[in-house]
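Pasting in a structure now, in C-alpha cells, and then I'll have a few things to ask.
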Amino acid sequence: MLDKNGIAKRIAQEIQDGSYVNLGIGIPTLVANYIPTGFNVVLQSENGLLGMGPFPLEGEEDPDLINAGKQTITTLPGSAVFDSAMSFGMIRAQKVDLTILGAMEVSENGDIANWKIPGKMVKGMGGAMDLVASAKNIIVAMQHVNKAGESKLLTQCSLPLTGVRCVKKIVTELAVLSVLPEGGFKLEERAPGVSVEEIKQATAGKLIIEGEIPEMKI
Amino acid sequence: MIDKTVKNAEAAVADVQDGMTIMFGGFGLCGIPENCINALVKKGVKNLTCISNNAGVDDFGIGLMLHQRQVKKMISSYVGENAEFERQLLSGELEVELIPQGTLATRCLAAGYGMPAIFTPAGVGTEVAEGKEIRNFNGKDYLMEMAFDADFAIVKAWKGDTAGNLVFRSTSRNFNPIMAMAGKITIAEVEELVEPGVLNPDHIHTPGIYVHRIFQGERYEKRIEQRTVRTQ
Amino acid sequence: MLDKNGIAKRIAQEIQDGSYVNLGIGIPTLVANYIPTGFNVVLQSENGLLGMGPFPLEGEEDPDLINAGKQTITTLPGSAVFDSAMSFGMIRAQKVDLTILGAMEVSENGDIANWKIPGKMVKGMGGAMDLVASAKNIIVAMQHVNKAGESKLLTQCSLPLTGVRCVKKIVTELAVLSVLPEGGFKLEERAPGVSVEEIKQATAGKLIIEGEIPEMKI
Amino acid sequence: MIDKTVKNAEAAVADVQDGMTIMFGGFGLCGIPENCINALVKKGVKNLTCISNNAGVDDFGIGLMLHQRQVKKMISSYVGENAEFERQLLSGELEVELIPQGTLATRCLAAGYGMPAIFTPAGVGTEVAEGKEIRNFNGKDYLMEMAFDADFAIVKAWKGDTAGNLVFRSTSRNFNPIMAMAGKITIAEVEELVEPGVLNPDHIHTPGIYVHRIFQGERYEKRIEQRTVRTQ
C-alpha cells in the first residue's frame, strides 16, 4: 500500500519530458518532488505563472509571488507571468499537457466529483472545473476509499460533478487504473503488497482485470 | 495625457452607492486593493455585490467588509478560509454564487473587450450548467456565459502613472488587469505613482484608457496567506 | 467653402478635453493638427497604440513604430502599446470616445459606406467596420458631393455598407449636419460663404432646416 | 525549461506542407517574420491559405510569396499597395476573404484562448454578415464569428528566450502575440535570442507555452511603408 508520497512518486512516472503540467492542491503538489532529474517539465499555476519553482528559503518569501494554493513560491529562469484570463485561456486551448488533481469520487465513465458535499459548507470549485473540462490528459490522485471505508471509484458519482468523461487515469494507495473510453476501470498495476482481491473489494464501479496485473515499480 | 489622479482611497470610492456591483482584483490576499477596501469599510456602503475570486480572510481583505455586513452577494470561485463568511452563508444573510475560476476570468475579459458573451466548456454536465445555453462546436459542448456588468472595478497595481497606465508585479497581476478593463468605472491603487513617461510603453499591462481614477496607496500590509518555505 | 484643412479644423472643435479619439486616414488625420492647445486628448491608433505623437523628425523614424495608416509616428510620455485584440477590445467596449473617419456615402438614417465600390479593386475594410459598429460617437469628414458631382448624403446608400445607423455628425466643405435619431440630416451650420440653397442642392437625402442656419466659426 | 530553439528559418518551416493554413504576424510591413517568409519562398510550398492583416508589398513580405504564386487564399482586413496581388485577384488566380480587422484579431484571440466562437457587432447590416448567425444581446446585434484554425502561426518578436518566451517592441507587437497563441504549431523568429532568465517574467508578452519553435533571425530589413516626417 502506498502513502501519499508513494502515490505522488508513481504519478511522477506519468510525466513526460518536455511537458507543461498543472498540479492541484494536496497529493498532486507533492508530485513536483519526484519529477526525474534532467526532465524539463514546466509547472503551470493557474493564478498566472508558468515555471513555478520551489518554495522560497525562509526570509525570501514574496507576498506578490504565490501559487494557486496561495503558498509562497519562487520563479525559475524562463518563468512567465500572465493574467487570469490568459492562464485559463491556455488551459482551455489545451496548451497544458497534463492536469493532476485530487477527487472525492470518480465514476467508471471518467466523471469526477471533487468540489461539493451537499449539506456541508462549499468552498467553491476554484479552477478545477476549467481544468477538467479542457485538459488533454487528467490523472486523479486520491485514496481508493473514503474515511467511512466506501469506495471512491463508482459506477456513477453520487456527489455533484466537477466534470464529465474527463479522467484518464487514477492512482490510489492500492492501484493504478485507467478509465476506458467505453467505460470501466481497467486495473493496470497493483501497489506493492496489494492483491487484486483487495482492489476488487475497494472498487465499487466496473473493474476490468485482464491477465496478470503487475506490481508497480516505484 | 489625461490626468486620472485622485487624492486618496476615500476620494476614489466617494460615489460608491449602496447596492452596487463591484469587482475586486486579487487572488487570495495577493494583489488586493487594501486601501480601497479599508475606505469602503470606513464609508459603510451596504448591500454590495462583490465579484472577486476569493473573499479574503476573517480580518483582512473583503473579510473586513463581510464582518461589517456590507456584502449582500459574493460572486467567487473559492471562498474558504473565512469563518464569518461561513456563518453568514449558513444563516442565509449572505448570498453566494460560485463559478469556475476560468469562467470568472473570461467574463471579465468579455466585459473589457466588449464581447457580450463567451463560450467555455467549464461546467458542462455539472450544476453550473443549469439554466444556461449549451452549444456544440466541433463535437464538444460549451456553455454560453455572459460578460460581467460591474459598476466599479477596484484593482491594485505595483506602479501606475497619472495617465492611468498600470504595471503589475509577479503573480499579484492575476485578476487585476482583466477587472481593470471590465468596470464601468475603474479605480486603481498603486504602490508607486509616477509621471507619464516613466513607465516603458511596452511594459504597461493596463493602458490608461481603462482606468478612471488612480492614487498612490499607503501602508500596504501585503499579508501572506500560506507562508511556505523550504529548508535549503 | 472649406478646404480639407478647414474641414479638419471644424471637426477639431467637436473634440472634448479629456477624451480618447481614433482618427481615420485622410482628412481625419489632419484633425490632430487643430486640437486646441492645452487640451488633453489621447489619440488611439488601432494597430496598437494609445497616445500617438507627431510624425518623427527626419532621421528619427522607427520602423517598429507606425500608425494605422502605416506612417512613421512617435510616442508621447504616457503612451501605451498593446496587441490588436486589446486594441479592438477597447474599441468594442466603447472606451474610445470619438471616431472620426471618411466616407463615400452616408444615408439619412446614419448608415455609412466607405470601403467598397463594386467592380473596382477592393482593398478591404481594415478596422472601419469595427470602429463604426462600436464607437459612442462617430463624425464623418468628407466632401459633400463626389467627383461626378453627385451628392454623398443620400436617402439610402447605394454602395455596400460599412455600418448601419451609426453616424452622428457630418462635416463637409459646405456644412455641418447632424443625423437625427428618427432619420434626416439636420443642417447645423453653413461653411463660410455657402448658402442654404447651395447645401440643399448638394444634399440628396432628407435635409432638415430649422430657423436661421448660422455660419461656422473656424 | 523546455528548449524550443531550432537552427534557422529553413529548419523552422521544414514541415510546412502544400495546402496548409498559416498565420503571419505583422501590420503592414511592421513586425513581419521576414526570415520565415523568405524561407517559405525558397521552399516553394504552394496553395497556402494565409491569414494576415495585410498582404505585403510587391517585393517584400507576403508579396514575395504572391509573386511566386504560393498563395491560394488570403484572409486579411486590408490588401492595398500590391499590384501583383491585384492582378492575381482580378484574374481569379487568388481568392481573398476580407474581414474586419477587429474580427481578425479576435478570432485569433479566440483560438489562443480555446473559445470556439466570439460575438462582435462589426459587420452587422453589411455583406460581412451574410450567412452568419446574428444574435441580439441587450438590444444590440452581434455576429457570431468562429475561432481560426491554423496549422502554423509564424510571428516575429524583438527578443525571445530559448524557452519560447517573447517580448515585442513598440507597435511591431500588433497581431504577433495573438497569432502566436493561435497556431497549432507556432514559430517565432526574434531579433535577439537569449537564455532563460534574461527576460523579466513581468515583461513577457507571449509565454513560452504558446511557442513551439524559436530562432534568432538575421539581416532584418524592417522596411518602412510610409516614411512620414515632420520638419521641426
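The first chain written gets the first letter, and so on, giving A, B, C and D; residue counts start at 1 in each chain.
In this section, a contact is a pair of C-beta atoms (placed from the backbone, for glycine too) under 8 Å apart; a residue touches a chain by one contact, two chains touch by 3 or more.
Values in this document were obtained by computation on a predicted structure and should not be read as measured data.
**Student:** Identify the chains in contact with chain A as well as chain C, in label order.
**Tutor:** For chain A paired with chain C, the chains in contact with each are B, D, in label order.
**Student:** With chain centres set to the mean of the C-alpha atoms, which chain is at the far end from chain A?
**Tutor:** Between chain A and the rest, the longest centre separation is with C.
**Student:** Using the stated contact rule, I'd like to know whether B-C or A-B comes out ahead in C-beta pair count.
**Tutor:** A-B
**Student:** Roughly how many whole angstrom separate the Cα centroids of chain B and chain D?
**Tutor:** Those two chain centres are 33 Å apart.
**Student:** Averaging over Cα atoms per chain, report the distance between chain B and chain C in Å.
**Tutor:** Using C-alpha averages as centres, the distance is 36 Å.
**Student:** Would you mind pulling out the distance in Å between where the CA atoms of chain C average out and where those of chain D do?
**Tutor:** Comparing mean C-alpha positions, chain D is 28 Å from chain C.
**Student:** Return the residues of chain D touching two or more other chains; collapse runs of consecutive numbers into ranges.
**Tutor:** 106, 113-115, 120-121, 169-170, 173, 201-202
**Student:** Can you list the chain C residues in contact with two or more other chains?
**Tutor:** Only 49, 75, 81-82, 85, 88-89, 91-92, 134 qualify.
**Student:** Once you draw an edge for every pair of touching chains, what topology comes out, line, ring, star, complete or other?
**Tutor:** Here the contact pattern is something else, fitting no line, ring, star or complete shape.
**Student:** On the basis of the stated criterion, which chains touch which? Give every pair.
**Tutor:** So, checking each combination of chains, I get A-B, A-D, B-C, B-D, C-D as the touching pairs.
**Student:** Can you list the residues on chain B that touch chain D in the complex?
**Tutor:** Against chain D, the touching part of chain B is residues 106, 113-121, 137-138, 140, 142, 146, 167-170, 173, 201-203.
**Student:** Show which residues of chain A lie in contact with chain D when the two form their complex.
**Tutor:** Residue positions touching the partner: 18-20, 40, 42, 44, 49-51, 75-82, 85-86, 88-96, 134.
**Student:** Tell me, which parts of chain C touch chain D in their complex?
**Tutor:** Per the stated touch rule, the residues are 45-49, 54-58, 60-73, 75, 81-85, 87-89, 91-92, 111, 121-130, 133-134, 160-165.
**Student:** Which bits of chain B are touching chain C when the two form their complex?
**Tutor:** 1-3, 111-115, 161-163, 165, 181, 195-197, 201-202, 204, 207-210
**Student:** Please output the residues of chain B touching chain A within their complex, sorted ascending.
**Tutor:** For this pair, the touching residues of chain B are 27-31, 53, 76-80, 86, 89-90, 98, 100-106, 108-109, 120-128, 158, 168-178, 205, 222-232.
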